[in-house]
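Going in written order, the chains are labelled A, B, C and D, and every chain counts its residues from 1.
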Amino acid sequence: MSFEHVQSRWLFAAVSLGLAVAMLMLGPGIALLATEVAIMALFASSLGFLINYGGMVSFGHAAYFGLGAYGFALAAAKLGLPLWLAVVLGPLTAALGAVLFGALCVRLTHIYFAMLTLACSEIVFTVLFQAYDYTGGDNGLTNFMAPRFGLSPQIYAALTVAIVALCIAFLARIVRSPLGLAIQAVGEEPHRAAALGFSPRLVQLVACVIAGTLAGIAGTMYSVFQGNAFPDYAGVGITIDALVMVVIGGVKGFYGGVFGAIIYVLLKTFVSRAFTHWELVIGLILIAVVLIFPTGIAGLLQKLGLSRTARPSGEQHP
Amino acid sequence: MSREPILVARNVTKQYGGFVALGGVDLTLQPGERRALIGPNGAGKSTFIAVLGGQQAVGPGSTVHFAGRDISGALPQEIARLGIARTFQINRVFRRLSVLDNVRTALLPSNGRVFSVSERHLTALTSPAMTMVTGLGLGRVAHDAAETLSLGDRKRLEFGMVLATRPKVLLLDEPTAGMGLNERRSLMELMVEHAARDQITLLFVEHDIDIVFRFADRITVMSRGKIFAEGTPAEIGANSAVQDIYLGTEGAPS
Amino acid sequence: MKLKRGGLLLATLLAVGVTTGPVQAQDPIRIGYAADMSGACGSLVDGATKAFRLGVEELNAAGGLLGRKIEVIERDTKTKPDEGAKEVRDLIVNSKVELITGVCSSAVLLAETAVSAELKVPFYSAIGNSQTATIEKGQPYFWQTNPNVLMESIAVAEYVAANKAWKKIAPLAYDYEWGHTSVKAFSEHLKKLRPDIEILPMVPVKLGETNMTSYITAVLAQKPDLVYGAIFGGGLVNLVKQGKAFGFFQQTSLVTLTTVDFLQTMGGELPEAGLHGFARAPFTSLLDNPKVKSFVQSYKARHGKDPDDWAVLAYDGLMFYAEVVKAAKSTKADDVVKALPTVKYEGLRGSMTVRGLDGQMSAPSFVGAVIKDAAYPFSIMKGATRVDASKTLTPEDFIKSARAAAK
Amino acid sequence: MAAQLLNGLTEGMMLFLIASGLTLIFGITRIVNFAHGSLYMLGAFLAYHLMPMLGGSTVASFASAVLLSAILVGLLGLVFEVLILRRIYGADDLLQLIITLALVLILRDVVKAIWGANDISVPMPASLSGALQIGGTFLPLFQIVAFAVGLVVITLMVSIMRFTRAGVLLRAATDDRGMVALLGINQAWIFSSVFAVGCFLAGLAGALAAPFGNVNYLLDTNIIVMAFVVVVIGGLGSLSGALIAALSVGMVKGLGVIYFPRLSTVLIFLIMAAVLVIRSLGRGAISK
């Protein structure tokens, strides 16, 4: 382990802790917004991990967000389980979903992979939307708990930032581990990887489950944050939002998702408050961003020399 | 050589739709030999390599035995783990990973650490990988992304990755294609030297006849999906029919 | 593109994190109008928003409420429940609004009513409705000024039962909770009134379907006397247009939600006969009321077209709130809630009250045949029957037992 | 059941019209055009706008409105390709995706700003509003006309692909993108024209279907989903595949309403998932 790693880990921990503590000093309004940003940062990072490391572009990542939300909300609202157990069951449900859908999807590549993930998420959405006796249907699940466990917005924001930081640290650890190399290898050159002895589908499945579980954690945290669950949480709209975040954040590293989430959540929030025709404005901004910064915000920072390599390779340059 | 053959392919067939790519190929490799596979374009050389590597499924009635084991129908990764490694005609390395990480990645399957999330398991591979990288003459670019390398260096790297799997048989699909004359020879020398050191059996597809005659123990000539001739370089060199199919279809090899 | 509110972006950014002092009596009354302006509900919200703005202008022109001007902060929920909850929370926490309204989608409504209950800020729905929000999830700070699906279904059942020629009824409904609830309530009430009627198996329709032909052929194959359509918006336009090509209205009749916006959309294209409708506030059935006449006049003067049901409902909902504030002599949440059931409101739809138990207004429904009328460029529900809430309002016992069961 | 099948077949042809442009564009340019549904929607609104200007609801004015709308949408596609898409060829595929998503947002808002949020009904030309009666079943004239237009489109496209020089080049471009460059053909020109033709087809489908149903700003989402499902089932880039897929989906949908009505919402996704999973069961797993 190199010196720089130790250093960057401490730096990451210090920044995360600082951010979490800073949450406690914010006004309630901005703390709520920060919580949303943090949750979407995790969700987008998990998708960015799948895309940029695993080489798998998913159009159905919201399935796991939705399963995380409903795994939690159904356990709490319909099964009457204690909240701590429900919080564990949320990501677990997403993980199970990722095992099932991942096993089907990794048999395909490219746009066919993407379309099968879309089909899987639409099936999840439809079940949540139509099986209203169990899921509440379009009316969702509401009033089964106080939003944020009744914690103040600031405390919940701090908690969310801490959990998201841990999850992102976990992703960073994976990227620097043997598994991370395997995922990148299979993502980039599946034939080469197979000819070296990797089982591409198994490695891809593991990547799907990791990304799905982290998306599930984001979904559970969102459900707790809102105190509800709606089928929209598994809808294609949330997937598209995350895809946009991954791209404007920078298509190379997973942490681009963090930048993307910060920018896109704020953009969507304030543009839609300021303009009647907010969709038009956002559409124009997206085109401008893609044409002007095709490498996203992470790429921009790199160009400006504000960031190290977009892809931590495990060793620094000599 | 009285030892058991290491690789035996019998009646290997392969069809794409109506097109017969391989029409019953037989090939036997003795341990430690260096076999060249030559023939005009479209003879089925790359398809045959792909069948041996498991990238292509074999046709009905075909068998491939490796060290006495039937491997026909096995998946690429199973074949690789048994000890048959290959390079690709179009160079395939992990372009976004550093040279060192390419080699460390290649070391993973044989170390059984593919699914480890411990960084220690990765750093443990650094020094053996670095030794290999230096041995390949890539020490100065060890930390550069593979995509920044020259074609020759990428080919060295791919060869190094393949070696890292500790293969018993190495399939090289046009290892020197696209390179300059001097570079070809030095690359080939490097490969042959490593193969001899690790007692690796080589099967290489090659268009450069000069390279073929210099480095092969035996030569197999393919044409239209079949074995056309087989023998020592001297035998093949004296075979006028071989020269005919070559010159007739392809013109002089560059 | 127009800036909704000068410097709102900046103001919001500045307001964020800055705590403001207690509300002064001379401060304007801030109302949070969180509406489903984009997304699935956008077409219904359009008229409602126009009428709501008109109502606010009129109130302010008359000196405001309790001497305070009304200031509206508009937000787009994008017809997404989480966005709705987020905007409502932000309106309450950052913009200190004293009332929330504007919602259309029942899902968004349920997400928002939870926030209203949590933060104890009054919230009413004038165009969206959800019986869940008033019954199982009823909360003191919420009221609803249009009829819910149970009330409407009963009103339609009454109308259908009266026509002895209809003996076989085929339900055709959107395949989600609203469609199923609507068919169930309608069928149950109809069976009570007319045990002889046969109700055929329901044909469920995909929400957002653009091609209804396979549903049309399937429902016609059942040879019903009447099709009960729990379909609205674009799907209903598809059903009628494509149905016409199949001779739908020669083979059977249709009773469905025919709000004025739908009638305006269809213009002269509706069939001469065979279409029956129910609606919540068709101005054509309310023109006896001078308040409606003047509202229609000023609406039409400004927007060049007649107000649809949603516009009437939105205007009526706002004016009711104004009456409640006047009665409570306060905009404080608890004062408003206390005054709520005491107000006997004389509105566009006549005399109505809000029941204390569930916050449901005694809103009427309108049912009748849709026919062409020379006075309008579109067909109308001429001479529609007004079904008063006394016949349709969900009994209090039922609500109490439903709430007990939900606990 | 015969009625459901027959109707499904005609509905399927309308699905083919929707999907044809998408699969054409993907086959040659590899662009996944998420704005396809939006261009369909724009075609419908343009037809609504143009019909009164071209003489009201007669067949002639309808036909010319459809053609003109399709041309306008095709031109918009051309401009979009030349001004924006062309700049990011060779960049990450995701960038194209975001660009076409941005176009979705823009067109949705533009349409709302111009034609309002309310539903719009394009009047059906009187002579197309009837139905053929075969036995007890009705077959709407309009569906028959749409079916005929679909046949014309597929015949034209196949003929162009088979028998013209441009078609040969296009097929070469579909099979091997390097090939076109070798032939010395200006690839940018091919991409622009194919993109424009694909958009033209989207506009054509939208304008043609306009009198048969509701037109509003939500059409884009509903249509793009159907288009993708058909294209994926048929095999991306394959015209004949799209035709077979569209007709099959139409008929399965028709039967589904009778035999498994509660699945209607999710049916197309189940079909797509099933087709993809079956396709994946072969051994050629990890092709890249």
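Convention: contacts are C-beta pairs under 8 Å (C-beta built on N, C-alpha and C of every residue); 3 or more make two chains touch, one makes a residue touch a chain.
Just so we're clear, the structure is a prediction, and the values are computed from it rather than from any experiment.
*Asks:* Going by the stated contact rule, which chains contact chain B and chain D alike?
*Replies:* Chains in contact with chain B as well as chain D: A.
*Asks:* Compare the CA centroid of chain B with every other chain's and tell me the farthest one.
*Replies:* C
*Asks:* If you average the Cα atoms of chain A and of chain D to get two centres, how far apart are those centres in Å?
*Replies:* 32
*Asks:* Based only on mean CA positions, could you tell me how far chain C sits from chain D in angstrom?
*Replies:* From the centre of chain C to the centre of chain D is 35 Å.
*Asks:* Could you give the separation in Å between the centres of chain B and chain C, each centre being the mean of its C-alpha atoms?
*Replies:* Measuring from centre to centre gives 72 Å for this pair.
*Asks:* At least two partner chains per residue is the criterion; list those residues in chain B.
*Replies:* none
*Asks:* At least two partner chains per residue is the criterion; list those residues in chain A.
*Replies:* In chain A, the residues touching two or more other chains are 129-130, 189, 191, 194, 200, 277-280.
*Asks:* For chain C, which residues are shared contacts with two or more other chains?
*Replies:* 1, 38, 175
*Asks:* Would you tell me which residues of chain A are touching chain C in their complex?
*Replies:* 26-30, 32-33, 36, 129-130, 132, 136-140, 142-143, 146-147, 153, 222, 226-228, 230, 232-233, 237, 270, 272-281
*Asks:* What does chain A use to touch chain B in their complex?
*Replies:* 1, 173-174, 176-182, 184-185, 188-189, 191-200, 203, 206, 311, 313-315, 317-318
*Asks:* Across the complex, what residues on chain C touch chain A?
*Replies:* 1-5, 8-9, 12-13, 15-19, 37-38, 75-76, 78, 80-82, 85-86, 89-90, 93-94, 106-107, 110-111, 113-115, 117-118, 130, 132, 137, 175-178, 180
*Asks:* Note which residues of chain A are touching chain D in the complex, please.
*Replies:* Where chain A meets chain D, its residues are 51, 57, 104, 107-112, 115-116, 118-120, 122-123, 126-127, 129-130, 189-191, 194, 200-201, 240, 243-244, 246-248, 251, 277-280, 282-284, 286-287, 290-291, 294.
*Asks:* Quick one: in the complex, what on chain B touches chain A?
*Replies:* 53-55, 75-77, 80-81, 85-86, 88, 92-98, 100-101, 104-106, 108-110, 113-123, 125-126, 143, 145, 158, 161-162, 164-165
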